[in-house]
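Just so it is clear, A, B, C and D label the chains in written order, and each chain counts residues from 1 on its own.
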Amino acid sequence: MMHQASNPAFADEVRQSFAKQSIMGLIGGELTRVEPGIVEISLPYRADLTQQDGYVHAGIVTTIADSACGYAAYSLMPPESEVLAVEFKVNLLRPAKGELFVARAEVIKPGRTLTVVRADVFATSGAGEPQLVATMQGTMMRLPRR
Amino acid sequence: MMHQASNPAFADEVRQSFAKQSIMGLIGGELTRVEPGIVEISLPYRADLTQQDGYVHAGIVTTIADSACGYAAYSLMPPESEVLAVEFKVNLLRPAKGELFVARAEVIKPGRTLTVVRADVFATSGAGEPQLVATMQGTMMRLPRR
Amino acid sequence: MMHQASNPAFADEVRQSFAKQSIMGLIGGELTRVEPGIVEISLPYRADLTQQDGYVHAGIVTTIADSACGYAAYSLMPPESEVLAVEFKVNLLRPAKGELFVARAEVIKPGRTLTVVRADVFATSGAGEPQLVATMQGTMMRLPRR
Amino acid sequence: MMHQASNPAFADEVRQSFAKQSIMGLIGGELTRVEPGIVEISLPYRADLTQQDGYVHAGIVTTIADSACGYAAYSLMPPESEVLAVEFKVNLLRPAKGELFVARAEVIKPGRTLTVVRADVFATSGAGEPQLVATMQGTMMRLPRR
């Protein structure tokens, strides 16, 4: 799917907003791709992000997927917008084990008020193929900037 | 709904497993209620848990809701079980602002393999009434302990 | 939860709109309760509503749950509104067998644009207790009437 | 994604099971594609399938999407399996208007017990391009045949 940005400053605005997400500093998430309708956030494995079995907690996988979805939606919104998540659904496909996790979000259906986005989260270990560990389908809402 | 635990050691096992979730140490989540089919996790507000507007990130709200759901399901499982999240859906009802967040999970339908659980996340500020900020509906799976 | 209707004609408008849902005539769905924020739709079992095992198809269970959610949301909207479903999630808890199915929807969080609703679908057989066969969590949207 | 069927009779078994879904006779759904991991169900528009605005009801869109997901999962299961839907989530992207609706399901992650499937539902009017009207993400479960 090809997307077209209506805000010429979208990439800068996504980066500025991401820089304000202090949770990303805490967990180590990095914004690694910003294109119209597509955003990626990467997260290196850390032992303090894990659940009882040593895998990255599903809520942290969700954290990077949700931010990626929000910014993918935001990248297609007109200037003077704000974005918030209305809802999301996550299927956890495999244990989140690996060295690097990448959430790749892409807009499925942009809208004036609501935008539907999907994100796949891949785990990579060493030289292995990325494995799909989770997939999110969610709804993001545009608000006029306050 | 009344639930009956089939594992007499369920509360100790939930506490021991929760203690291994190192993510809870990182974000400051605490296990504050463990009963058959009902589990609560509390999270005090911290500035480093927030998204761009200063509210607690939806992924962190999800983190405490998901763990509460998992342990609520686990509390009803027979001994020698492990639990993992299959999927969850979260509706974000209000911005997650407040001083204390409590995720309260309750089993809707226990099952031999799959257990369906709901969690409500409430935010409290000062002496105000708790506000419902998010609600999760999810599926947890029992595995025999390895 | 107590809800207050802002449209004094809400019950009549729900009934009039329901009467236009020709799918309800096809499957035999009936509107059996309309209160502020709460709507029930009932559906007697029929063999031509079933999937391969003779249970009512999950999509038909969803049909009555979705309409119940939509009208529960609508019942709290101001005059001159229209309602549409944005998204819903359904957990199927037991096979949909029984003689009568009742979808009971209740608004969790009303909003100016988006309203979050939950519906439980119960099956009854003979003099037995109603069994919860499915639960829906969904988002309904208000549009100004065209 | 390439999928490999483990049951050489998968296509016949899908067709036989579909033929038993009496709901498909009622609404006019037809099985129009069966490949390993991919199933399509088509539904011509009929006025008696609609909601209050004359669009096909979201529950009927869900009915064909859910069956397509179930059979896509089933097509990859070993012989002597049965399939049931655990849960699904549907985002409704546009009003379901058109002359023909096609639900195209594809397995995202097959599993021994649980299989995650996605379905897109497209509407076509006259010679126009198919429009994506809904997308489903769901979990299907394998049971040994009784």
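Note that a residue touches a chain if its C-beta (ideal position, glycine included) is under 8 Å from a C-beta of that chain, and two chains touch if they have at least 3 such contacts.
Since this is a predicted model, take the numbers as computed values, not measurements.
Peer 1: If you take the mean of the Cα atoms for each chain, which one ends up farthest from chain C?
Peer 2: A
Peer 1: Measuring centre to centre with CA averages, how many angstrom lie between chain A and chain C?
Peer 2: Centre separation, chain A to chain C: 33 Å.
Peer 1: Distance from the CA centroid of chain A to that of chain B, rounded to the nearest Å?
Peer 2: Chain centroid spacing, chain A to chain B, equals 22 Å.
Peer 1: Among the residues of chain B, pick out those that touch two or more other chains and give their numbers.
Peer 2: Within chain B, residues 86-87, 89, 91, 139 contact more than one other chain.
Peer 1: Using the contact definition from the top, classify how the chains connect: line, ring, star, complete or other.
Peer 2: Its topology is that of a complete graph.
Peer 1: List the residues on chain B that touch chain D in their complex, please.
Peer 2: So the residues of chain B in touch with chain D come to 86-87, 89, 113-114, 139, 141.
Peer 1: Once bound in the complex, which stretches of chain C touch chain B?
Peer 2: That would be residues 89, 91, 93-94, 108-109, 116, 132, 135, 137, 139 of chain C.
Peer 1: Please give the residue numbers of chain A that touch chain B in the complex, ascending.
Peer 2: Residues of chain A touching chain B: 17-18, 20-23, 25-27, 47-53, 57-60, 62-67, 82, 84-92, 95.
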